[in-house]
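Chain nomenclature is as follows: A, B, C, D, E and F, assigned in order of appearance, with residue numbering initiated at 1 for each chain independently.
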């Protein structure tokens, strides 16, 4: 059973990720429809997923939530400091948005709702001024999701990712608080 | 089942916080009606709440009690040394009062009773001479509670808190022993 | 169920304190009729009482017994080295007597019996020459108990304790082996 | 010899604090004209000052600089996160300013220059929106310094400090970025 | 060379105790004219005195100062929490005074000056309300010193010390803040 | 004296960074003309720079060289894995280039030479296929340097950096191996 509700979206709730969710996490994170698109590449056994749960998901850095429809876990949405050091992030008031969803739940609008809820939380509750996201150029679904939320395509790192036998570009998207406010 | 009774108020008992209360703590501390007003901002999973229980609630610093109505847990009341160093606190005989209550129990007078019981304990049993409390300027309920107990509004730290998309002031309240005695 | 019988008094047995007694200890040590008179002041949850059981009651220093009436636990009696260093105590052959009893068992003579049993043990089995005890000047029951056992009031530390809103004196009592022997 | 120059004021330079400065720190921090006004109270030997140097001054939290006139060390200026938790500080973009100067250098304008330099750094380089400071109500020199920099007196915590035999108020001062900009 | 001056008496200065003072400490603490009167009894080698320096003199508990005449070390004056637990001490605002001086410096008034300076510091800077001291009944010099400072003889723990082949009483002395103020 | 020569450019040599270079590093990294442009913000004392030397410069991740003109140290050039995880970097055969130079050596062509040498090493010796670099939009010198080496401007993260009181964009530059080869 998922943990208590931390934030509510339209149809999705965001909750703290509990040890009981590790099985769901492991199933999804080993699914090629998830790891390939997340630019990840390694198999993850139960020992490794537990470490990930304890060190990252239960750690001090970043906000990691389980997106749920009622009691059913759907995926994970995260907001993390820029990897360029805490100071830079803190000063520029920026964070990165990331997410993945169970393959059987792709294309049902859950991602948009969960991401929109996290973006609102980033601007309203955490006082951030910029949320960014990166994705492979082959990931049309994710690009569409970000664009539907008002993210702007800010750059194209040429051939910065390897996906299914070929080099692909990495796309940067960004959303500023004033842009987000103007859409509300 | 809550632990033994440590202090009795009018309708509320204050008890040591036990591991069995962790589920109640986690539910409330993830509720936006609690965390937003407590100037907190992070989701807390079971691992993190256990660490909090072991390191803070079972630690040596501060007094942390579960407020109950009979066997029903209502919230948490704490008395902690000033964060400005143990020596200064010890010499000035001052401590800070903090509390939160389950959202479904707001507005039923439990908070006043629990806080009043802790204040009495601070002055009578711990020989303190001053109890203070901080809150966001948007928190009318908490300001009302403190004023009903005789706390005086001592200062306004301008724009020192971020709450739901805007900067707000932080209010300091203080109550001296002689003021408290005069009201008894 | 209490542990095996270590010493027998008139109506009371003194037994080693077991982990199973922790619940009884916690209930009593959180009761204001116990902690206030013991010059203690903090709430104690199950984690903290377990640490106390393991570090103090199961440690190498001092003698700690559960006073029982048959299988019913009544309170705790202790004999500890003076807190002024093991060497000084060891050379002067002195120790301190301390005790508390469950509130519902106050005034039934159990305390005198348990303390007398511990005092006999101190002189007969441990070769001590002096047993002392401290108490707040407000604690008439404890003063009466000590006087009934032949303890002499040796000093009054003025305003050395805080109890229910006021400073009180701390009374020192002492009993020498020859005095104890003369009464037998 | 002091470390490299990190920031330059009118007549003062701010530099990282080096192990070689420990002797200067220890002399000043043991001087009653420094520790009493800083609401500190303990003697500090070389072992303790080294621990302070390693744990606090060389730690990750806060910015601590040695204020110098050329090669001569004058005092210490610090900017620390609010003690009310990193999240709250980070979201409200606020920090606390603290400083002390060698007694023989009091009243020569060094404090204003060093504090002004740190305040500029807080707003311009660290993107803070609020700088606050606390002091005892008996500390006229420090209040004057803060007021000369445009800090506003925001509150008076009554009898929250003990200084030379009496309770005194603690004063909170605050300066917002827009106020600071308007004065530039 | 002794550390910086922390407090000044009439002819004596009180300074933090530094590692360089360990040789002086060891010489005195092994002198029978010191350890016998301090109710101590063990030889102390350089390893042991270093541990004492690091664990006790450089620790967080108590205030320990080197009394000096100019650069010459004379002895040690300490103010420690009651050994009956930090809470009780903190609530009753009491501490114990202890001191020893190099044998060649006995009888020259240094002890009174150093003790008086520490007592003033206890009441004025640490906000204590009571200072106590214990000594063997054979220690006329120390009793005279305390009485000259206004300490009152509060109790006599009969035969609680062993000194040079015989049992002796331990004397408790106490001084309250209002008594000390009345003498100023 | 700098370490042995690892790579030779036109006028510059790249060498392993030695402990003896720590003083040079500390001076430059505390100079506002270096730290502000590097999007860094903290003062760095000798203890902290030694930790940086041991943990980062002497660690397993990344390539860090001291750029020298003969025996004179000029600055630091680094090639690090993308901060987006070693796997992603390793698969995409990409790395990030970073560099800083002593302020008195700016504008003398050393940067271009050192960066070009590191880029050649990245493609020829490490079999990378892409080198990228990030900089603040205010950093014309660095942008010019990258463009002179054939780097292409790939994106503009809007308002992702804070520099001297204002938000600025962060620019991404990238250079592919085939582009670099075509210029040779």
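In this section, a contact is a pair of C-beta atoms (placed from the backbone, for glycine too) under 8 Å apart; a residue touches a chain by one contact, two chains touch by 3 or more.
Protein identities per chain, from UniProt: A, B, C, D, E, F = GNAT family N-acetyltransferase.
Note that the coordinates shown come from a computational prediction; the quantities given were computed from them, not determined experimentally.
Contact with both subunit B and subunit D is made by A, E. Least step count on the touch graph, subunit E to subunit F: 2.
Touching subunit D and subunit F together: A.
When chain centres are set by their Cα atoms, the one at the greatest distance from subunit B is F.
Two copies of one chain, subunit D and subunit E, touch each other, and the residues they use overlap weakly: the shared fraction of interface numbers falls below half. One finds 50 Å separating the Cα centroids of subunit B and subunit F. Averaging C-alpha coordinates per chain places the centre of subunit B 35 Å away from that of subunit C. Subunit C and subunit F have Cα centroids separated by 70 Å.
Subunit C and subunit E have Cα centroids separated by 30 Å.
Among the residues of subunit E, those in touch with two or more other chains are 91-93, 125-127.
Viewed as a network of touching protein chains, the structure does not reduce to a path, ring, star or complete graph.
Interface note: chains touch in the pairs A-B, A-D, A-F, B-C, B-D, B-E, C-E, D-E, D-F. Of all residues in subunit D, only 3-7, 14-19, 53-54, 57-58, 63-65, 123-127 touch subunit F in the complex they form.
For subunit D in complex with subunit E, the residues that touch the partner chain are 26-27, 30-32, 36, 41-48, 162, 164-165. Residues 90-93, 125-127 of subunit B are the ones that touch subunit E when the two sit in their complex. Subunit E meets subunit C in the complex at residues 39-42, 82-85, 87-88, 91-94, 129-130, 132, 134, 152, 154-162, 167, 172, 174, 176.
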